[in-house]
Structures are given as C-alpha cells and as structure tokens.
Amino acid sequence: MGIVLGPTQYGKAECRLVRIIRGAQRHEIRDLNVSTALRGDFAAAHISGDQSRVLPTDTQKNTVYAFSKVHGVGEPEEFGLLLGRHFVNSIESVDGARITIEEFGWDRIDGHDHSFVHRGQEVRTAVVTVAGHDAWVVSGLADLVVLKSTGSEFAGFLVDEYTTLPETHDRVLATALTVQWRYSRLDVDWAPAYDDVRRLLLDAFAGTHSLALQQTLYAMGSAVLAARAEIAEIRLVAPNKHHFAVDLTPFGLDNPGEVFHAADRPYGLIEATVSRDDAPDPGPAWT
Amino acid sequence: MGIVLGPTQYGKAECRLVRIIRGAQRHEIRDLNVSTALRGDFAAAHISGDQSRVLPTDTQKNTVYAFSKVHGVGEPEEFGLLLGRHFVNSIESVDGARITIEEFGWDRIDGHDHSFVHRGQEVRTAVVTVAGHDAWVVSGLADLVVLKSTGSEFAGFLVDEYTTLPETHDRVLATALTVQWRYSRLDVDWAPAYDDVRRLLLDAFAGTHSLALQQTLYAMGSAVLAARAEIAEIRLVAPNKHHFAVDLTPFGLDNPGEVFHAADRPYGLIEATVSRDDAPDPGPAWT
Amino acid sequence: MGIVLGPTQYGKAECRLVRIIRGAQRHEIRDLNVSTALRGDFAAAHISGDQSRVLPTDTQKNTVYAFSKVHGVGEPEEFGLLLGRHFVNSIESVDGARITIEEFGWDRIDGHDHSFVHRGQEVRTAVVTVAGHDAWVVSGLADLVVLKSTGSEFAGFLVDEYTTLPETHDRVLATALTVQWRYSRLDVDWAPAYDDVRRLLLDAFAGTHSLALQQTLYAMGSAVLAARAEIAEIRLVAPNKHHFAVDLTPFGLDNPGEVFHAADRPYGLIEATVSRDDAPDPGPAWT
Amino acid sequence: MGIVLGPTQYGKAECRLVRIIRGAQRHEIRDLNVSTALRGDFAAAHISGDQSRVLPTDTQKNTVYAFSKVHGVGEPEEFGLLLGRHFVNSIESVDGARITIEEFGWDRIDGHDHSFVHRGQEVRTAVVTVAGHDAWVVSGLADLVVLKSTGSEFAGFLVDEYTTLPETHDRVLATALTVQWRYSRLDVDWAPAYDDVRRLLLDAFAGTHSLALQQTLYAMGSAVLAARAEIAEIRLVAPNKHHFAVDLTPFGLDNPGEVFHAADRPYGLIEATVSRDDAPDPGPAWT
C-alpha cells in the first residue's frame, strides 16, 4: 500500500476583466469573470515543493489581461480557446487547460456612446477545455429566472406512506435555470448561437403546458437540439422555486391562484441531460 | 440612576408575496418582499413578558397576504399605506407603523400571456411610515448598476502626506446606486413617478461629464428635484466601484483606457442628500 | 424655492487589513474590515466638481494601512479613535469622521506560534464618531447566533381577525443578534469590556425563561447596563429565526418538540433600546 | 440521428432540519441541511409528463423529517445511509439515491442544559450514494479557514514572458478549505473519525513549512491517509486567499511582513487528490 497523488489542477480564479473597445466615438464593453486552471505534470510541486514546472497563478492572471489587450476578448468561447491553447502550447509542463468564463451584460443608457446600465442577474457562461491538440466548448447561461403563473400541473404521481402532497392542475411554476450545452464543433458563430439558444429555451418554457418541471426541461433541451445541429448535448439544472398558495380561508377568503408565498428552502431540484444518440464522446469537456 | 426601555419596534420581515392578477386571458404579476414594523406601547412585553398588547408578527404576515387578496397590491407605495394605516387604526396599542417593500420586476416572455422572465438585480423600493393620522412615503431603487467608460475625471484633489493617487482625466466611473426620495404629498401617481425618476437618474448619470462621483450624484439628485415638484428630498448612496487600469508595460503593451481590473474591496462610498430649501419637515419618514 | 445640498459624507469602505504582530517567536494577528467616512465642507465637490478640499478615499485607505504599521491597531475602538481624530485634526476641510470597524477572530491551531484557524461567523464591531474635539464610541457584535431548545413561550397575545397563531408554552427560540452599546466615557479597557458584555448577553439569553423575544432582549440589555457603569445605552436587533415543529401526524407520529423546520423567511424582527435614564446625549454617535 | 434523454436526477434540496433530543434534563441538538436526489427510471416524466413513477420531492422532504423522529439523526453519514437505502429499497422506480448533508455545530452556553451558541462558519458534510445494494460514503468539511503568518514561501517557479511575480521566502498563507474523503468501508465510527481527520488537517497545515499551497495540500491529504486506514482517497479544494503586503515606502515606512491587504478576487485555486494506490474503485461515490 502506498499513498499517491491523484488528479490535480490549479489556476487563477475570478479575474474580473472589463475590456473597453474605444471606437472613434462609440465605446463597447465586455465584462468578464475569467478563471484559469492548468493540468499537467505538477507532482513535484505537491510532493517535494519543487515549483520549477509551475507557472504562477499570478502569471495566468497577467496573461488574461495582456491577451485581452492584444487580441481583444471577442466572444467568451473565443477568448477561452485563445487562453487555453496558449497555456498548453507554450508551457511544456502543461498538457491541459480549463478556462471558465462568466460574462455580464450591459445595455446602453438611451443609446449613449459610453454610458451603460447593468442588464441583470443573468450570466452567460463558457467553459473551454483544451487537452493536447484538442479542445471542447461548453456554453451556457446561469440564473435565468422564469415563471409561469398558470399552465402547470403536478398530478398522477407516485404515492407512498409519506406522501401528503395534493394533486394540482394549476400551479405557479418558477425556476432559476442553469443550462450548459456542449458543441460538437469549434467553427461556431458563438454570439448568434447563444442568443438563439436563449430564445429557444425561453420559448419552450413559455410554450409548454407543463405536467412537471421534468417535462419542461426535456422540452427545452430537445428544442435546442432540434434547432442547432452543432450542439451535441445540453444539461439543465433547475430548482423548483415553490410558490405556495396561501390559505386564506381563516379570513373568509378564497384564493383561486392569486396569492402566493414564494418559499426559499427547501426546493425541488431537477437535473436533466438531453443529447443526440450520435453525440461525439465528451472527452474532458465536463470534468 | 435607573434602567429604562427606549425606542422599540417589531414586526414581520421579508414576507415574500407573489400576487397574480388573473385577467380573462392575460395575467399580471406583482412580486414583493414586504416587511412590517409596529411602534407603540409595548413596554409590558419587554419588561414583564405581558403580550396582551402585542399583535403577533404572524398576524402581521397574515394581514399582508389577506390584504393582497382583498385590495390587490397596486403600487408598493399604495400597499404600504394601506397596511400601515390598517395597523395604526385597528390596533389600539399601535400608534405607528413602518412598511418596507421591495418590488422585483418581471417581463413577459415574447408577449406571452402568463410566462415571465425576471428582469434583473435592480429593485424598486418603498418605505411608508404612518404615525397617528399622518403618513410619509419614501420611494426608491436599489442596486441600479451603471458605468461610464469615459467622461469621468478625478483631479485637483487635496494632497497630504498619505496621498499617492495620481490625477486622472479619463477613468471608468461605475457604481451601484441606492437612491431614495421623499414625497411631500401622498396624492402621487406612483408608477409613472417612479419611471420618470429612474429615467432622470440614468440620463443625468449619462449626460454629466463627471469631475467626481460627488458631482454626478448632485447632478442626479438635482435633476430629479427640478423635474418633480412633489419630491422634497432625495438621498443617494453610491459605492465607487473602482476599475483599475491594468499596467501592461511589463509585457511591452500600453493600455490607453482599454483593460481594467474591476476590484471588489475596498471601494469609495459617497453619500449625499439633495433637498428643497423649503422642504417640509421629514418627521419620522427616514427613521 | 431652491435646490440645496444636504448632509453628505464620503470615505473608503471595507479596507481589509490584516496586521501581524511578529514577536520573537510568537505571532499575534488582528483581522479588520475598516471603513472611513469624512464629513465637512465638501459642497464645492458636489456642486461645481471642485476637489480641492477633498482628501481622496485612496488616501484614507493609505492612512489606515500606514497607521496600522506606526501605531499598531490595538483594540478596534482605539484604532477608530486614532484614525478619526487624525482626519479631523489634520485636514482643514474635515470637521467630522465616522470610522466603522469589523473584527474577525482567529484562534491558534493547537497553541501553534503562527498558525491560526478562523473563529467563525461572529463579528466584533466598533463605530467611532469624531466631531470637532469630541468623540463617541459604540461597540458591538454582529451575527451572534443563539438558540434555546426549550424555556420559551409565546401566549396571551393580542388576537384580531387575522390572527391564526396558536399559543405555545414550549417552543424553540433562536436569533442572530446584532447588538451595539454606547459608552459614556472613552477611558475604557475595551477588550475586557467587550468580553464581559458578550458573556453577559449570553448568560442572560440562557438564564431567562422567555415569555417573548422582546422580554429576552430587555433582560439582555438591562443585564449589561446593570453590570457596566460606563455603558449608557444598548441597542439590540434580533430576527426571530422561526423553528416550526413539523406536523408528523400524517405518518402516525407525534412530535413533542423534537423535529423542527428552520425557516428562512419571513422572520420576526424585534428591535429594542435599553438605556439609563441619566444617559448623556448621544450626539452623533449613532447617525 | 435522434434526441435522447441522458442522465437525470431529482430530489428535494436543503431541508433545514433541527432535531432536538430531549433528555430528562439536558437537551442535545443536531442542525442539518439535508438534500435528497433520486436516480432511476424517470424517462416518462420527462418525455410524456407521466408522473406515475415519480415520488414527489415533497414526499422526500416528509421522509427526512419523519425518519429524524423515528430513528434520530445520529451522525450525518448514518442518516444519509438510512435515507438513501430507504428510497432505493422501498420505491421500485428508484435504483439510486444521493443524500447530501451539511451539519452546523452548536456549543452549549456555559454548560447550560438547553441554550446553545452557533459554532461558526465551518460546516461538516456527508455525501452518501446508494446504488442498488451498494453504498458509498464521502465525508468532509467546508469553509475551514486557516492562516499561517509565516513559514510559507513561493520561489523557484517557472517564469515566462508574462511573469512579474517576485519570489518570496516569507508570506502569509491563508485558505478556506473544502475537503472530502471517501471511506472504503461503512462500519466506521463516524464522529471520532471526523474529529480526527479535522485535527490531522489542522496539524499538517500548522506543522508544514510550506513551499507552495500545493505542497501543503499534499501534506494534509497524506497525513490523513497515513493515519486512517478506512479512508481510500481525499480531495482538497483550496483557494489561495492572497494577503498582499502593503507598500508603505511612500510614507517612509518599511513593512517586514506586518501590514497586509486581504484581497477578495482573483484568488489562486488549487485542487488536489491524494489516494491509496490500492484504493477500491470509487463507483458513483463522487458523481
């Protein structure tokens, strides 16, 4: 029996990069949270403290900022590929890299050239994994909060001795979506693809008469796969943000789906994957 | 020398109320976080544990939900006035009430009748104070995040022995605004007033060439007072969310206002009040 | 009618200062979050953008760090007085200062000379206000979470048409205390005073058979005033963190105070002040 | 090409259970956050909305509370095994379960029988995975914040064109540890094992002269494996919470490791696994 070092990775997390593109008159803004993680032959750093193969996390941060100047950031998927390939190609001890990016949206204030208002809590995400000569891109969004005030049921479920939930044919359905989709190619026009997936998700949420959040998630995922051939797989994580109809009968009032308490915890949590049956192997795209 | 009970208040904080207005076809949604606080003669509860004059916080919560059914919620200012007056008028031991409301915005998904997407982090607020027959309304917004990528200077400041900051004539200016404004009347059309104040704040932020965040705040506040006669006073709290230009010279690169690190802490914090010189006494509106 | 600038203050918030005192062998650590705010004649900065009387918030931050080297930090009350008086005495445009400090505790790991483990969520606080030649100190603690699993009742309360809460003579009482106490003198031995107040609060919480959280707060506050002559006034803010006994009767089980759901929102919120009847005027200590 | 449902799971997240054990005189408290997730044949729920094989998440919550009454909660690992096996054994459509538990610690107030003070931010964790007749236990802790004020170096690292970091032979090393360890057996005395692992981690952190956080993590992990034969593998995630020595030279002051700015973001993030070379296959323990 011996004790051995298993998988490791290290990097600089949450580099908060704001990149201004200064046109003659009109500025553009990209607002990113960039995390790098390198994989490779770092056993000596762990076992004997020998740092000679370790590119400092401070250097990784510098690289993020310098690359944003030289190359711009473009779409987060592009910037992730650029950074990941740089580390793998230029540092001998590095054989893999994972670049994780969050992008925060800004809108112009009334069309102004250089004044912006933050769009909201929703976040666009990209996770780029480079291993040797290969690369994988997983795009996504987080904290997209949606609600249906009707058109949602939950009935016909399994009943055991601990079941007290009544069936319902009209409830509020609300969730804060985290969705990630894996591309099978890298020659994608990332920005319109993102916009389209977001629209498809919202349309499927709105357009599906829901018999369960599970069903809604599958409808959302399959709508994306049906429309976007370059996407191999989509994963959805959806807390069921319970809205409980308040019992107003003690006050002589009925409550036909009008007054709800929005609860914090506990919440249902539904996770689902929808994929193509001929999807290419994900390799290290997710892990 | 004796030990005495000083000011007290108690209530139910953060009642998360979602009110659906079910039209024939089309639903409306109001999403509120309502906190109640009652003031009055509660000394016995503190000193001897006698609860006979204490309306339970649970009852206050019930009242919030029941009133939302009977009266609707209307604008948060109206709902606050309704609740505050109810407690003061109907409970003998209560001589004052403070109702604090946050409202979260939702947009329709592509015009859909009953499907909505959460608008974002920005929050509309209302603080209603009732004391006897009088009432005060303070409306506001929180977490309105804005940024100018140019048109902001900071120079000519006081220098002492601990000053190392260089002057700048072109910087990023960003803040997360918390603004509250006190009305001098109660017969206000709350929703358009709110929309107008928000627009005035954004326009003043965008339109002011800033010599300091202090100056921008005053410009925002005075623009609101100039346009809205029913507002007596406005208070602004603005963290200066520092965006530091990254030094790229070690990499042979210049950085003419393009690459920034968005820092978390510390941050400047600027607080200002702008008022009319003939503003009516605020009474307990703020405290 | 004219528009005028009202009260303002500005400063650097949340300077995260860790100060190591390196003894010959044994290190001490003070871990602070320091916020400064200056008051004075800053109207020109707001109205015309003239910064000539404005000491930059960056300078205030530098002063925090430099003073911690030259003077040490001592107790947070001392450090606050030192900083506040410095700004008021050395900067002509400054006539008042508010220094707010949070201190985070660390314990030695097994008596080790320079290795520490973070003590927890509880925070020691100090708010120092300097105005001209005068100064006020308000010490406190935040997020001290306590719970009684019995010895708490809530009964005999006022009942109106919206009351559904049953009386109880045995419930869980839990809260996360924020407490602040104002000293009437400045020649206080701050550290033992803090430790003693904290102990008095805990003992009163534990030792009081509670007929209401209101009563417990008053017992805590008056115990502190009874024991510490240098404290003029104490303010307590206590969310009633509801623990609801779960109804297990659908499963053929009783639940005599054993199984609880710890709810998040809404929560009762009780605020109380206890003071001496001859307490000196608070001046700007709290505002 | 077809669209297919991939892996799914669903359950009730964050059931906040407080269990009081009422002895004749003295109470004990267990404070848990329990999340359940079921795996099995739920395709119909996703694809056609048929819920007949779906045990509601509400029922899962009920089961958590009811089991805590009937069986007590014991150690979180035991409670997780109990719940996980129940769902797999009693519900035909369920072939796997993942029970995730956080436990929050309380200390008695001065030895009091039923009054407690919350211990702090540190959390004990357990993740139990049941699949058919097998089960896996991963115990852990989260948010254990530790700091060394000396005895930490970072030098001899790889230098590329983006490297500006100077070497240091004396720095502050601080991190907020998330550690999880997988047991190779289930007949473990969970509470003393947890206490011992926690002590081993702290002792290794304190006792290791650190040449890098990587080295410290490996020392911590291997110390645990060396001492506890029943642990097959340990995973450590450690943000390098940077403490930057403040440059005081502009004020004529040196700073020999005394004054630090504790930065928020970005931070280094080091992840490592240490395992036995003959560790049994983890199966679904981690995924």
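Going by the order they are written in, the chains are A, B, C and D; count residues from 1 in each one.
Note that in this section contacts are C-beta pairs under 8 Å (C-beta built on N, C-alpha and C of every residue); 3 or more make two chains touch, one makes a residue touch a chain.
What you are looking at is a predicted structure, and each value in this text was computed from that prediction instead of being measured.
Asks: Among the chains, which one keeps its Cα centre farthest from the Cα centre of chain A?
Replies: C
Asks: Using mean C-alpha positions as chain centres, tell me how far chain C is from chain D in Å, no decimals.
Replies: One centre to the other, that is 30 Å.
Asks: Where the centres are mean C-alpha positions, what is the separation of chain B from chain D, in Å?
Replies: Between these chains, centre-to-centre, one finds 38 Å.
Asks: Hey, how far is the Cα centre of chain B from the one of chain C, in Å?
Replies: 23
Asks: Can you list the chain B residues in contact with two or more other chains?
Replies: 15-16, 62, 66, 162, 164, 250-251, 264-265, in rising order.
Asks: In graph terms, nodes being chains and edges touches, is this line, ring, star, complete or other?
Replies: Topology of the interface graph: complete, with all chain pairs in contact.
Asks: Looking at the complex, which residues from chain C come into contact with chain B?
Replies: 1-16, 35, 37, 42, 45-59, 61-63, 66, 90-91, 93, 154-160, 162-165, 210-212, 214-215, 217-218, 222, 225-226, 233, 235, 239-240, 265-278
Asks: Touching chain C in the complex: which residues of chain D?
Replies: Those in contact with chain C are residues 15-22, 27, 29, 31, 62, 65-66, 68-70, 106, 109-110, 112, 114-122, 144-151, 172, 202-203, 205-207, 243, 246, 248, 250-251, 253, 255-264.
Asks: Over in the complex, which chain B residues touch chain D? Could you list them?
Replies: Listed in rising order, the residues of chain B that touch chain D are 161-162, 164, 250-251, 264-265.
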